[in-house]
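Dropping the structures in below, format is structure tokens.
What follows is chain A paired twice: with chain B in the first complex and chain C in the second.
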Partner chain A sequence: MDSLNLDEPHSMGTTIIGVTYDGGVVLGADSRTSTGVYVANRASDKITQLTDNVYVCRSGSAADSQIVSDYVRYFLHQHTIQLGQPATVKVAANLVRLLSYNNKNMLQTGLIVGGWDKYEGGKIYGIPLGGTILEQPFAIGGSGSSYLYGFFDQAWKEGMTKEEAESLMVKAVSLAIARDGASGGVVRTVTINADGVTRNFYPGDTLPLWHEEIPAQNSLLDILSAPSPEPMSM
Partner chain B sequence: MSKAAVDLPPKGGFSFDLCKRNDMLAKQGLSGPSFRKTGTTIVGLIFQDGVILGADTRATEGPIVCDKNCEKIHYMAPNIYCCGAGTAADTEAVTDMVSSQLQLHRYHTGRESRVITALTLLKKHLFNYQGYVSAALVLGGVDCTGPHLHTIYPHGSTDTLPFATMGSGSLAAMAMFESKYKEGLSRDEGIQLVVEAICSGIFNDLGSGSNVDVCVITKGHKEYLRNHLLPNPRTYVNEKGYTFPKKIEVLMTKITPLKERVEIIETGDAMEE
Partner chain C sequence: MSSIGTGYDLSVTTFSPDGRVFQIEYAAKAVDNSGTVIGIKCKDGVVMGVEKLITSKMMLPGSNRRIHSVHSHSGMAVAGLAADGRQIVARAKGEASSYESVYGEAIPVKELAGRVANYVHLCTLYWWLRPFGCGIILGGYDRDGPQLYMIEPSGISYRYFGAAIGKGKQAAKTEIEKLKLSEMTCREGVIEIAKIIYKIHDEAKDKAFELEMSWVCDESKRKHEKVPVELLEEAKAAARLALEEMDAD
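Let's turn to the complex of A and B:
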């Protein structure tokens, strides 16, 4: 058991997922940021906005991923002004890839870029450690993703509806949270399509329970502080 | 070392060679000079009218308490304060530097500083030094966009939270916050909770101790309550104070008032646009 070292760099153990559906994309993530074994932030937001129509899921080192997404947001803003129209998801993903690849020795961050543009519709690009760029119908990342490869092989289908995609997302993140110590907290999702962006939030008690998970109970303290029964009288 | 390795052209940026040398020396057993750390418990929370920051006042140099009443809540702007944990020199230097940058920015823009400005300046600086500037900060303030509370870690990552704790006593303080925090606390309830959290750190963490400092920031107004609570008074105090071994005799008293050295001459014409 590691001794509690609060000087460790912050990493987002994480489970991040991006899924395309018929008409857009859904991005999802857990909310745990850990320093070694201590949970530094139990309600972090790992889905960061790059432009109005492109978001990125961050995993790996918290500092590295925040800085990369800050730089990309800045470059995309300039690009949008120069171009005169919203940036495409492909451009955003490539800017992320250029930073990740050219600084691969110094960065430790895996990212999933997802969004909607009028040329290609909904697109997901996975950019793991090292800076490869892969356009995929769905992408998973972070330490919790190890537990989801088999699940997605079985559960993923082409041409899902928005509701199907979102519930698949929530199910997948909650499965990963159940098995991965470095993932936890709440499930956040962002849905991006032609109509715009919708953020959703699923706290722990709304998630389904899996094998050996027991339902939440009231604390013994609440039971003990209840009024004691009347003494018996003859 | 391989001489066949290709010579890379010198790149810009900070050179971490000496840091690597230090790490190697430490592995070989050489202990570096001990420096002053602020063991620390620092906290912040958002209440209904703004932000409350709290800190303990112990500074340690290895196992020794070198300052029993240091100030850990640093001024950044009239509406922004920052608590610092980690190496005392680093927290002082980085908060001073960003405070100056914010003041220049205020002159430049003619507006009140925003908390995210301070956040970005701090995070950029700390990231550039890759965690070697050992400053863990709780930044809080109220600006035109509302109350804000952020934590900044030595590697440059930041979190935005309704309540936050940092330092060696952060676990003890977080335990208090997690059980008692709720949204929309009043000013007195907020101060009470902050004091409880800091006391929890003071009494349960060896790196934190002495007194509690509190800073309350609301829209257009701030209150820096230095030594708001002193739960560790000196138990045995000698009434005589310090006495010199030999009796000191006063031979002569001479008082010389210092003359004004600077003469102010009426300025000429005011500067033209």
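Let's turn to the complex of A and C:
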């Protein structure tokens, strides 16, 4: 096994998911950013804002996905000013796609763009590695998504409520975390609809346990914070 | 209105002492000398009509188009120097195309109007360019409904319910103001525009003219296209009838 190399580029092994429901979308992700086998950030936020009404889930190279998000946020901001009204999810997704496709040789990032606009309602666009753009009722990405294809085939249905979509999301991410070494930490969700944006946070120890998973327990290092023993008296 | 701008009218980059740029005003005169162009916004779309003055009997009917499609959802009717108009249409088509390449959706009509206006204005800022000698009526139908814009040689662009440019613009505007546009469908609008153009055409000064019309409405599935032949003939017939009735008084 290679010895721990902290100079490896930060990757976000990751599990990212975007789901449409009746009235909007829910975006979800795990929170592990790894450098090789070292977890550089165990509580990262992989769901990034592009505009008030459009967010993006990032996976793959942390640097690449951040720079693409930054550029798109910049372009969308200008576009919104020019247009005089909020940008549509489709436009945001197209800008992401153009950057991904035209720089495919240099970038390694899979993105899921999701949001709500007044013309089309809630929409999810999956933009995997090569820069394809595909509008989908739900999208999954990242290394952890391999373990979720069958799950979604069975569990996803059209016209879910917001609560159903969110709980499906949390269940899916926790299933992926259980099996994928590159995913872990907490589950973050962002719900976007006509009323606005809501962020939610599910700490790791509140997630359901699956087959053969061991319950979380407090670190045995807790004894370090215990008071030192009284000196004996003779 | 004519005042001579002696000395201050030689270049578009010169202001007169009373704050006017005469070259732009002269460009507007080129528009005023051309055949009338009218556009109206009805409740379900936009209709545009052009009084195409025929300079020679040898001209093939239907040639020398004055109304051009810029995108599937919008079109422009041009008054003034036709060659200048062609440039502007080409530019507008380019803008619409590049917008769609970058943003992935059809260019909003408002944005298109802004870009055309910007381009027209651009050409009034440099001494080595002359202003465009044409007025444009731009009609389109996008997600925010049907819209009508007019762009003048100065680069000004406004949104209108009804607009007219060219020789008979004053008479045309008077007629348009009589119409109840918010209750009118485009089908009815086509007939009304034909009537107006026939009415304001000056038989004494200009001989023959050809009526060219286009629309973009619910009936055309929000696509900008020439008014269907049967409807156009119906409109022309109604217009001629209305003229005869007027003359009979």
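Here, the second predicted complex is superposed on the first by the 216 of 234 C-alpha atoms of A that agree within 3 Å, B and C clash if a C-alpha of one lies under 4 Å from a C-alpha of the other, contacts with A are read in each partner's own complex, and residues count from 1 in each chain.
The criterion applied here is as follows: contacts are C-beta pairs under 8 Å (C-beta built on N, C-alpha and C of every residue); 3 or more make two chains touch, one makes a residue touch a chain.
This one's a predicted model, so the numbers in the text were calculated from it and none came from an experiment.
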Touching A:62 in the superposition: chain B (first), chain C (second), both, neither? first
Between chain B (first) and chain C (second), which, if any, makes contact with A:162: first, second, both or neither? neither
Tell me which partner A:38 touches in the superposition: chain B (first), chain C (second), both or neither. first
Quick check on the superposed pair: does A:179 touch chain B, chain C, both, or neither? Answer first, second, both or neither. neither
Mind working out whether A:91 is in touch with chain B, chain C, both or neither, as first, second, both or neither? second
According to the stated criteria, A:73 is in contact with first (chain B), second (chain C), both, or neither; which is it? neither
Given the superposition on chain A, which partner contacts more residues in chain A: chain B or chain C? B
Where on chain A do chain B and chain C both make contact? none
The answer for chain B against chain A in the complex is residues 123, 127, 131, 134, 136, 151, 153-159, 161, 167-168, 170-171
Of all residues in chain C, which touch chain A in the complex? 102-105, 108, 110-111, 143
Chain A residues touching chain B - in the complex, by the definition given at the top: 4, 6-7, 9-10, 33, 35, 38, 40-41, 43-44, 61-63, 66-67
If you look only at chain A, which of its residues touch chain C in the complex? 79, 82-84, 88, 90-91, 93-95, 97-98, 119
